[in-house]
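We just call them A, B, C and D in the order they show up, numbering each chain from 1.
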Amino acid sequence: MNNNFEKLIEYFLKFPGIGPRQAKRFALFLAGEDKKFVADLGQLISKIKESVRQCPSCYRFYGSVSGGSSQCGICSNLNRDNSILLVVEKDADLQNIEKSEVYNGRYFVLGGTIPLANGSAKGGTGGLRFRELFEKVKVLLQSSTREAKHLEVILALSATIEGENTSRYAEKILEPLLSKGGQEIKITRLGRGLSTGTELEYSDSATIANSLRSRC
Amino acid sequence: MNNNFEKLIEYFLKFPGIGPRQAKRFALFLAGEDKKFVADLGQLISKIKESVRQCPSCYRFYGSVSGGSSQCGICSNLNRDNSILLVVEKDADLQNIEKSEVYNGRYFVLGGTIPLANGSAKGGTGGLRFRELFEKVKVLLQSSTREAKHLEVILALSATIEGENTSRYAEKILEPLLSKGGQEIKITRLGRGLSTGTELEYSDSATIANSLRSRC
Amino acid sequence: MNNNFEKLIEYFLKFPGIGPRQAKRFALFLAGEDKKFVADLGQLISKIKESVRQCPSCYRFYGSVSGGSSQCGICSNLNRDNSILLVVEKDADLQNIEKSEVYNGRYFVLGGTIPLANGSAKGGTGGLRFRELFEKVKVLLQSSTREAKHLEVILALSATIEGENTSRYAEKILEPLLSKGGQEIKITRLGRGLSTGTELEYSDSATIANSLRSRC
Amino acid sequence: MNNNFEKLIEYFLKFPGIGPRQAKRFALFLAGEDKKFVADLGQLISKIKESVRQCPSCYRFYGSVSGGSSQCGICSNLNRDNSILLVVEKDADLQNIEKSEVYNGRYFVLGGTIPLANGSAKGGTGGLRFRELFEKVKVLLQSSTREAKHLEVILALSATIEGENTSRYAEKILEPLLSKGGQEIKITRLGRGLSTGTELEYSDSATIANSLRSRC
């Protein structure tokens, strides 16, 4: 196959969860579709930046409605609780939490977790939005002086080594803000314990310990 | 095949997790082993009741040591905390919790969970040891008057519908004991939340709600 | 999300093997990539018809090299055997067979198998290239008069009900060509039997029967 | 746990496909069953040698019926074809082939395949019945002089490296019999090709080559 076909396969290889075989299948699939299909798809992809906007407040992606607010629907919703900020890894986490309809506060999309280099976290924070998180919390603190007396930042990262490591790093980043006088700021993490369907016989020690500690 | 061979297959079919194909493989496997192997195995199985004793206090199975205490090693261990009782479904749960080395109280093996009949729990409590649980808690309460002022019963059942339903039933059974004057008795359940490895993107609503509620 | 974002997700949903969750992940992934990435990818997709050519002889896709032959590399290769034609379902089959390096004849890509409607094959031949197959075989017969005295058409379709049904249909389509005087044309199918790794204990009756019949 | 309980677990560990966790579950399961159950099971296992007989002709296991033939039902069936002998690895293969109802000849259970030691077959033939196979074929040859002029031995072993290696070894063992004057003896193997459900896209090169070779 020639360069452009191979190039397309390489692009598909960068898609999340796609290996060589499926990347090739995608390219062959497109080759067999009609001209209008590939032209329209190409157009939609080229223009994705214009049809999707990244919220400057929580950094999630949302469909832009011309003339609308520059913030996403959640950030511009005045009925949501400004005193809680849920920090998630990615858009898909946020969407799943919204679907559960148990949270009415604010969000912040961090952009992932710090990758482990050789078992320990070196090698930088991989383009994650820690600086933006710092600014976001500062802004909420300022606004909360007018509204409320406290702010809670919930680090809702994955219950994995990477997630815990990233939580620790976020806590360090936010530490300077903890000492701001006159306001209460609290950093918490999601509770650990038995998730739905867990059987004791097959649980790891950490989950057993967590579920005992958080018994209620 | 004749009756005795088929009968043996039927016995193996009652083993936990064994289907028809594997039951047959077991029988054929034994047919191919030498005489001493099957004689010894048959003997060990016939005498299992003598080599394993069920603790009259927590109802778990343990190897009997002639002349020893009639209680199991955990129940007869004076260093374990009499003020906490962990109620588990089965021996394997108890063993996994002991392996995690995070619990130093007492145990009670309930014998399973109440099976759901047509989606709701009818049809009896399936031979579970609720009466024995009631007695055990009563005994601990009496002994704890001498030792401590409180008793906690942790219902450590599976995080499933059956498990929760069984927990509710156990709470009802133990209710009369809650009103005993002069002592504090508390019934708790294991904490629900993210178990190790959980990713937010794939969590169910109940787990998200639980992990938010038990954030810390 | 707005229309264009949702539209893009719908396009990804048509990709082979992609469900709603992954379609959304693809769209969110692209939203997060930089402008150059999405512009280049959109371009490559829009132009796929120009970078990939469908061979007018075997109907497989291949990278077009400007100024080259209008036939693909296999069809224009004079060293390949004109007396055998292997009919496959799709490009991926052809590529896998080429990789095995055991076949040196010609190919024809049928485009799939006839879908089963309500358990039996009604509802048309789903855009498959039966007419083109007929023409291709006719051309090979004419050329083979000059070269050889025989032509073999191997129906190399999947060993499934759909595949066998499609093979039967292809045989019927090619039947008129079988009576052409002066030449020998033979229609065969791939041999059925044990494929690599098969164990007798788990084989279906058809595979056992086939492997006994084709024993050698 | 004491010695007898641990010993029982060790016995279960030798069962085909059973690991430590399941072996323990079996032992705990038996500990919880009533006295009659374990007594009966122990009895059935101890006496398995008496309730199952190994056919002295084909070496498969079958239920013994007192006063019956010393050969199994297949070997003593006069309507089965004496001119074909199917050599299988184990009883389960034989049963699956009988279920398919496509074979009416004789059987011989070899007892397994030669294990590969360090990638190549060293280390002996692992207790397989090669000597008995030699004798069996010799007997069939003698009887076939009276009945028929030919004998076919089909090596129906798994389509794996171990299976093929074992087939080669069996051929070598039987070689001296091939030169017996006056009779035709043929050694074959099951046909290789596409087994039911196979798709060309995912087939290995050997299967593609075999299915091309055995096309029909």
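Just so it is clear, a residue touches a chain if its C-beta (ideal position, glycine included) is under 8 Å from a C-beta of that chain, and two chains touch if they have at least 3 such contacts.
Every value quoted in this text rests on a predicted model; they were computed, and no experiment measured them.
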Any chain in contact with chain C as well as chain D: none
Farthest chain (mean CA position) relative to chain D: A
Mean-CA-position distance for chain C and chain A (Å): 42
Centroid spacing, where centroids are CA-atom means, of chain B and chain C in whole angstrom: 56
Multi-partner residues of chain D (at least 2 other chains): 90, 92
Touch relationships between chains, expressed as pairs: A-B, A-C, B-D, C-D
In the complex, chain B residues that touch chain A: 88-90, 92-93, 96-97, 99-103, 154, 156-160, 188-216
Residues on chain A engaged by chain C in the complex (per definition of touch): 1-8, 11, 15-17, 22, 24-32, 35, 37-52, 54, 61-65, 90-92
